[in-house]
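Two complexes, one shared chain (chain A), two partners (chain B, chain C).
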Partner chain A sequence: MIDILRIIVDFTAFYSIYLMLSVSLNLEYGYTGIPNFGKVMFFAGGAFTVGAIAGRMLAPLAGIDLSKLDYCMNNVYVGSLVSRYLAQHAGLALAVFIALVIAGSLVGAFLGWLASYPSIRLREDYLGMTLVVSGELLRIVSLNYDPLVCGTFGAKTPNPFSFLSGFAMDFTRSAFMFTIAMLTWLIVGRLVKSPFGRLLKAIREEEEAAEALGKDVVKVRMKVLMLGSAIAGAAGALYAFYIGIVHPSDYAPLRTFIVWVMVIIGGAGNNLGAAVGALIYLFVDRTLAIAKTYMPVLPFDLNYLTYVFLGIILILVLIFKPEGLIPESLEVREEIREEASQ
Partner chain B sequence: MFSIEVIIDAITFSNLIIALAIGLTLTYMTLKVPNFAHGDTAVIGIYTAYTLTIMLGIHPYASMPIAFLLGGALSIITYILVYRVIGQKGGSITTLMIASIAVEVIIRSSLHIYADIMPKITSTFFRGFTFSKYDFSIPIGEATLPGVLIVSTLTITGIVVSLYLFLTRTKFGTAMRATIENPSLASTLGVDVEKVYLVSWFLAGGLAALSGIFLAFQIPSDPESGWGLLLRVFAASVLGGLDNIFGAVLGGAVIGFSEILGIYLLSKPPIGLSPAYRPAIPYLMFILVLLFAPKGITSINLKKLLGGEEKK
Partner chain C sequence: MVSDLRTINVTKRFGGITALNSVNIRVEPDSIVMLIGPNGSGKTTLINVIAGYYKPDKGHVLFNGFDITGWLPHEIFKTGIVRTFQIPRPFKKLSVLDNLLLAVRSNPGESIINALFRAEKWKEREREALQKAYDVLELLDLERVKNKKAAELSGGQLKLLEIGRALMAEPKLILMDEPVAGVNPSLAHEIMDHIVSLRNTLRLSFLIVEHRLDIVLDYVDKVYAMSHGKVISVGKPSRVISDPQVVEAYLGG
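Right after this comes the complex of A and B.
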């Protein structure tokens, strides 16, 4: 019984992270038409913020003098001492947790601004390529520049929920994460229904028309990318705390691909679609992970086969059902087209 | 300042990037979509040559024509099954790019599966191998010229020259240029646009797979090699202007040389940067190009840059 509960609690944590990612991509691509092929960079930005700051900042409180100790060589040890210290100070632990999630989202927003700067004025193919390249640039730097997240060692993140233990801890942590994800989902849902949301769709459908109406298209697209990246950054911070370690090679471009699969399958331009897409993907992913333990040993890594299937499904959806499972309502689309062309 | 080995390395690496940039530009001109699977097509070439070498003892250079045909065929298949279908259904550039990323993931993951299975059949490793032990070398004076330098330079020169003659001297080449310039006009003038696209995709894929083999002569290869190559080729093609095959040649040379010579200089004292930062050089150049010359190197107005009056 407790096993099933554990699976559900773990699922909720992962779902919260992926929900935030798919909501943010849907805001950027589904509503505004920005091809963010560098989603993982902003996710990594948030995670690296936690990985770089949490242990180093809290070490002195836990009675460790970092000037006498190589942080990267000993970061697992430091991390566990810090976790033990935080277990005695629940209030501080939660404050650190919230503060670093906010810091992660700020770093995400800053990276969004930085990465979009060279190409936001250019066509979508240039923007797509720039975001991919910037993401890889961040990964190469983080793998080799130890002061960030200790390069190939990876940086341990302290557990802010260590004042609880066992199932109570897992449950509380997932509850916190799910609350943050749901709040994000609701806020984005309200935003896209507001006049600003209609402006986004107008930009997506008729960029020139929106510009002719006096809207600063470049500025709006930049704002959306910054907001989307802030959400991705917060998701990255949550992920870093949840996994307990930040390792640069974990932030590979395949993560971006997965978020695209969620948004396209769920239905781009529909906030509910983003939530459903993330749920479907995660359900398949977790089921496979559990099934893998019961399967005979394959002559290859099953994950690769999963990626092949995901790629094929993505292409089939793009060809036969490009609007996704929960399409954007047509009337709204027509209405916006009319509004934009007037 | 640079030793002969570094220069040889730079030329060989540039040859590879040039060949890939030509192909990427060719397909970009047809659909206006950067083909994300282009780097993986090069890796298909590497694995074709490696498999033939291991199983049948065929020399990697001898398998270049087979790699060319296989890469070309794969490229045409993805064009027909994916890009053409989505294009005909009115898919946007972004939709095509997403599909292209999906194709990339499919090919790369399939190569991983292949590299997992093959060692069990052949009892040889299928990751991190090189062809360097199959290469020949020619001693000239103090230096030794590796075979891959000579073969790749001859191949790329041959390709660029024949592509130039093909595009300017043959009827089909002229039709191709017309189609790229204005597909609807070319079509009303009786050019078979579809055929032009098929030829472009075949040539691009074939060139990628063929030249990929050169990479394995230089550095250890695995299924992930294609991704890193792709981003360098993006940099080279964007530097070349993305709509100009000869710009791609120039872009490839600039990116290839900057990467090799750049990391050589930066990794020496006084800077002493870790050589692991090597790929950061082309990636940074990509961003700089977009900032300062988004239409590519061939669009830079030298007169304006030097402060002269711009002629209208």
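Right after this comes the complex of A and C.
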């Protein structure tokens, strides 16, 4: 019984992270038409923020003098001492957790601004390429520059939920993550139903016509990329806390494309579609991961089948429902019209 | 609403081709001015320069005394100049109603903060806009299709939607690129009647590029004829179309 609960709790944690990523890409690509092929960069930005700051910031509190100790060589040790310290200070631990998630999203937003600044004026295809490259750039720099997340060692992240233990800890952590993800989903949902959402779709459909009607297209795109990247940054911070270590090679371009698959399967330009797409991906991924533990030894790693299954699903969706499982809906503005006629 | 547009010696080159060669035109307050000329004579280029889509190589565009040369399209929109496109550019996946509502000037709901936290602020604006949109829909005979995707409209209806969006934007001057091409004659006359009444009641001005001289000519105050990037004739409609140079440009190329 506890096994199934554990599986659900673990699933929820991962779902929260991927929900945020797919919602943010859907905002950028599905609604605004920005081909963000660099999603992983902003995700990494949030994760690296946690990896770079959490251990170093809390070490002195846990009684460790970092001037006498090479942080990177000893970061697993430091991390576990910090976790032990945090176990005694639940309030501080949660405050650190929330603060670093916010910091991660701010770093994401900053990277979004930075990436958009030279490139957002580019045409779609060039913008996409620039973003892929920027994403790789961050990964390669962090792999070779120890002061960030200890390069090839990776940086251990302290566990802010260590004041609990066992299932209670996993459950609480997942509950926190899911709450943050749902809030994001609801906020984006509200945003895209407003005149702002209408503006985004208009920019996606006909940029020049939107300009002729006084819309500052470049500025709106920048705002969207910053907002989307802030969400991705927060997701990255959650991920860093959840898996307990930040390693640069974990942030390869493949992650970006998995999120793309979610959005395309679920339905670009539909907030619910983004949630469904993330659910389908995670269902395939986790089912295989669980199956693996029950399988006899196979001559290959079952996890790789995820890509095969996802590929099949993607092809089927593109053939039979090219606009995704839950396609973009036509806004009829019935509600406001009724109010207007009263 | 005052609107006074002038171009002074506007020149625009594309590579070796001079699309506009020292063009001077003026759209006086409360007037309907028409721009005619054979294909490729530079009419649409002039509209694009005025609306900020092209930067002129030389010359100036003045609107109500401001030098708006080289301003970006959305900045020019703020001065009260709104353009329509020759080939309609609807927001295809939005409803016809949304196409119109989008054109509303400075909608508070188009800021992220207001959209999320100050619904009362933009809903009020949205209601006003909706009333206005219904008037525009009625005027352009688009009521039946208001909740359809713009992509589902016919060519003529898309032309009307272009005009509708411009009207929603509280303009002072509308630059219209072939507003009645592809529209049936009776509706075309209605549109032109309406343009005249907008001029008379709201004191809007119009600069209209159009080939359908038979329909439009009766409604306009002044005509500029262009050929090879130059203004070759200007004046009252009857005078311009009987100008031998204009006749030659149209017939003799």
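Here, the second predicted complex is superposed on the first by the 305 of 342 C-alpha atoms of A that agree within 3 Å, B and C clash if a C-alpha of one lies under 4 Å from a C-alpha of the other, contacts with A are read in each partner's own complex, and residues count from 1 in each chain.
The working rule: a residue touches a chain if its C-beta (ideal position, glycine included) is under 8 Å from a C-beta of that chain, and two chains touch if they have at least 3 such contacts.
Everything numeric here is computed off the predicted structure, so don't read it as measured data.
Chemist: Looking at chain A, which partner touches more of its residues: chain C or chain B?
Modeler: Between chain B and chain C, the winner on chain A residue contacts is B.
Chemist: Quick one: is A:K223 in contact with chain B, with chain C, with both, or with neither? Answer first, second, both or neither.
Modeler: A:K223 contacts chain C only, not chain B.
Chemist: For A:F37, using the defined touch cut-off, is the partner it touches chain B, chain C, both, or neither? Pick first, second, both or neither.
Modeler: So A:F37 only meets chain B here.
Chemist: Looking at the overlay, does A:E205 come into contact with chain B only (first), chain C only (second), both, or neither?
Modeler: Second partner only, chain C.
Chemist: Quick check on the superposed pair: does A:N270 touch chain B, chain C, both, or neither? Answer first, second, both or neither.
Modeler: A:N270: touches no partner chain.
Chemist: In the overlaid three-chain picture, which partner chain does A:L213 touch, first (chain B) or second (chain C), both, or neither?
Modeler: In the superposed model, A:L213 contacts chain C only, not chain B.
Chemist: After lining up the shared chain so the two structures overlap, which partner does A:E328 touch, if you call chain B first and chain C second: first, second, both or neither?
Modeler: second
Chemist: Using the superposition on chain A described above, determine whether A:S142 touches chain B (first), chain C (second), both, or neither.
Modeler: Neither partner.
Chemist: In their complex, what parts of chain C are in touch with chain A?
Modeler: It is residues 51, 53, 72-74, 77-78, 82-85, 89-95, 97-98, 101-103, 105-107, 109-112, 115-116, 119, 122-123, 126-127, 130-131, 147, 149, 165, 169 of chain C that touch chain A.
Chemist: Show me the residue ranges of chain A that touch chain B in the complex, using the header's touch definition.
Modeler: Of all residues in chain A, those touching chain B are 29, 33, 35, 37, 117-119, 122-126, 128-130, 132-134, 136-137, 140-141, 143-144, 253-254, 257, 260, 264, 299-301, 304-305, 307-308, 310-312, 314-315, 318-319, 322.
Chemist: Can you list the chain A residues touching chain C in their complex?
Modeler: On the chain A side, the touching residues are 187, 190-191, 194-199, 201-202, 205-206, 208-217, 223, 227, 269, 328, 330-333, 336-337, 339-340.
Chemist: What part of chain B is in contact with chain A in the complex they form?
Modeler: 32-34, 82, 85-86, 89, 91-95, 97-99, 101-103, 105-106, 108-110, 112-113, 116-117, 120, 227, 231, 234-235, 238, 274, 276-277, 279-280, 283-284, 286-287, 290-291, 294
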